[in-house]
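Read through the structures below before going on.
Two complexes come next, and they have one chain in common, chain A, joined by chain B in the first and chain C in the second.
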Partner chain A sequence: MYNSMIKSSSYKNKDDLAEHQFQQNQPLHFRFGLPGFESLREFRVINKKEIAPFAILQSLDEPRVSMIIINIKYLPVQKQIRRVLMDANRITPEKLRKIDVYVILKVSADKQRLTANAKAPLLIDWERLAGQQLVLERDDLPLEYHLNKV
Partner chain B sequence: MRVTQSMMTRTLISNLNKGRESMSTSQSIMSTGKNLQSASDDPVKYATTTRYKETYSQNEQYQKNILDAKGWVDTTSSILNDIYSNVLSAKDLAYSAADSSSSTEELETMADQLEGFISEIYSLTNSKYLGKYLFSGTRTVEDKPFDYDGSTVDYIGNEGKITRRISEGYDATINISGDEIMNTDVFENLISLRDAMLAGDRSAISDSIGALEQSAQDILSIQSKTGSLSNLLDMTNNRLEVANTNLSSLISELEDADLTEVIAQYNSNELAYQAALQATSSVLNLNILDFL
Partner chain C sequence: MLVLTRKPGESIRIGNDIIITIIDRSSGAIKVGIDAPVNVPVYREELYKHICLENKNAVLSTELGENILDVLKKGVD
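Let's look at the complex of A and B:
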């Protein structure tokens, strides 16, 4: 299902791609940490072909803290999230194009479903190497958005 | 070295016990879904998981506190809104009364209506939530905080703050004490207006309009405070929900076994156990005839 959703690279040339890949390997600073982990400020996004399109958000402060994430561009709910980010949070479309938006995944209690936290997306600015988990004050964006059966 | 039958038997039984122990662990993991049975399994991981679970429980408690606080705050806001509406209605009455065409009888009728607004507001200020007076400071279960004898309203509550801990290190004050309402002069202005109507004093009636307008604005200002607090409670609750979702994602990864892996391990152990059982059975089934 997800392989068919992976889009080809849109970079203009190899240098741009190389630059982006370099940035993606750099530590990211989360000024406010993550809700529940406010003291953890440094993270990395680890991309591996074997788990694509999923990635890992790894804390550099606490090795045991890592979460599985996915870029919202692979999810049907992406339009809704982007709209809320622009309307309620006043992020301009230009700014939104320059950042990556991810959601954190977890396995549901009955171990049958993978769910994504659409209510609190992760915003990653690769230029500034900064990240933030934004809590969207919207009831229509669920904490457990069902992706698929595991 | 000579390998005796008893040595072989002891070895086989030892292998069987090891196999059973291994299967038992796998079975236990499968039935609970957790591969962290006790601190001895992985002390550091166990300590980390315990710490996060404690944070999770603490967040749940904060959410309960927020729910309790929301009930109080939203009820307060609703009552303040009703008080505000009554004051606006009284102001409209004042405009009508200030009209020189109103007769003495009409003024008396309006005074009666105004008395109705005063009684209503007096009743609202003595409202309770879950058996406790809302506007009495911390004297929530004693006598009514406001006392009206027909000519004055006295406040006999205190200025105490009622707080709820809604996040680590943050206590939100959830109550509006009666002295804040008294400071709006709402009762004083309404009673003055009533008396002016009864006296037919149109000048005093006109003067009261500005005073009532100020009282209404002050009440609205207090209500805005409760509205802001209600928003803060909602936002804090949302953040706690997200925090606990993040925590449960991590606790799940730390504790919960990869079930595919566990089942594979279990099957592997079971095969080994069955093989050991068969070997033991062959050994123990030996009889004297096998040695002849």
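Let's look at the complex of A and C:
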């Protein structure tokens, strides 16, 4: 249940929340845009405690482009994604510790289901204020990972 | 579009640091090897297009954006 996810969010940690609230107004530069939105380069992550651990990724170039995202640390599929990032994409464990990895969520047409695109995670480097969406060339990572598996 | 003819084992250089090598040609498919810097994304076109579509479908409509909390709380048993 997403309800239980929201209630049990680790954002109960005040320091964690404060840090994320600080970060939310920082513009993030996406050098390649996002697939499908290549011309949009500046984004921000909006963290609201009411919807944590979910957050919103919003384009600053085109504010109507906004998506629900979630840090993969809340998802069982995180180990799989991290392993692929390290193995196939040559991202070192040290670098992976410095960045946040999110996935983009999609709401089903009947608004009853949320799925996460585990095949194309977002990497956000808060130190450099930079982001990139990678497409992982792996068949075992689903395009539609059902969140009721959480 | 620039069209070049290459045989297996031959390469094409793009810019200073991208090299595409024809590895093998068999059963109507061509296997290519790509040497590119880590920060240069290399994807199969059909997969990239699929992700484009997924991203476009993930954009929140005005209605969903205004009712985001309800949407997230609805949940699935």
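In this section, the second predicted complex is superposed on the first by the 121 of 150 C-alpha atoms of A that agree within 3 Å, B and C clash if a C-alpha of one lies under 4 Å from a C-alpha of the other, contacts with A are read in each partner's own complex, and residues count from 1 in each chain.
We take it that contacts are C-beta pairs under 8 Å (C-beta built on N, C-alpha and C of every residue); 3 or more make two chains touch, one makes a residue touch a chain.
What you see is a predicted model; the values in this text were computed from it and never measured.
**Q** Could you say whether A:Phe32 touches chain B, chain C, both of them, or neither, answering first, second, both or neither?
**A** Touch status of A:Phe32: second partner only.
**Q** In the superposed arrangement, which partner chain does A:Ala118 touch: chain B (first), chain C (second), both, or neither?
**A** Neither partner.
**Q** Touching A:Ala55, do we find chain B (first), chain C (second), both, or neither?
**A** In the superposition, A:Ala55 touches no partner, neither chain B nor chain C.
**Q** Quick check on the superposed pair: does A:Arg90 touch chain B, chain C, both, or neither? Answer first, second, both or neither.
**A** After superposing on A, A:Arg90 lies in contact with chain C but is clear of chain B.
**Q** Looking only at contacts as defined up top, I'd like to know whether chain B or chain C touches more of chain A.
**A** After superposition, C is the partner touching more of chain A.
**Q** I'd like to know which partner A:Leu75 touches here: chain B for first, chain C for second, both or neither.
**A** neither
**Q** Quick check on the superposed pair: does A:Ser66 touch chain B, chain C, both, or neither? Answer first, second, both or neither.
**A** After superposition on chain A, A:Ser66 lies in contact with both partners, chain B and chain C.
**Q** If I apply the document's touch criterion, which positions on chain A are contacted by chain B in one structure and by chain C in the other?
**A** On chain A, the overlap between the chain B and chain C contacts is residues 34-37, 64-68, 104-107, 111, 117, 119-120, 133, 135, 137, 143.
**Q** Quick one: which bits of chain B touch chain A in the complex? Just the residue numbers, please.
**A** Its residues touching chain A are 33, 44-45, 48, 52, 55, 59, 234-235, 238-250, 252-254, 256, 259.
**Q** Taking the touch rule as given, give the residues of chain C at its contact with chain A in the complex, in rising order.
**A** Listed in rising order, the residues of chain C that touch chain A are 38, 41, 43-44, 47-48, 50-60, 62, 64-65, 68-69, 71-77.
**Q** For the complex, which residues does chain A have touching chain B?
**A** 34-37, 64-68, 104-107, 111, 117, 119-120, 133, 135, 137, 143-144
**Q** Could you please specify the touching residues of chain A with respect to chain C in the complex?
**A** Within the complex, chain A touches chain C at residues 1-4, 6, 32, 34-37, 50-51, 54, 56, 64-68, 89-90, 104-107, 111-114, 117, 119-120, 132-135, 137, 143, 146-148.
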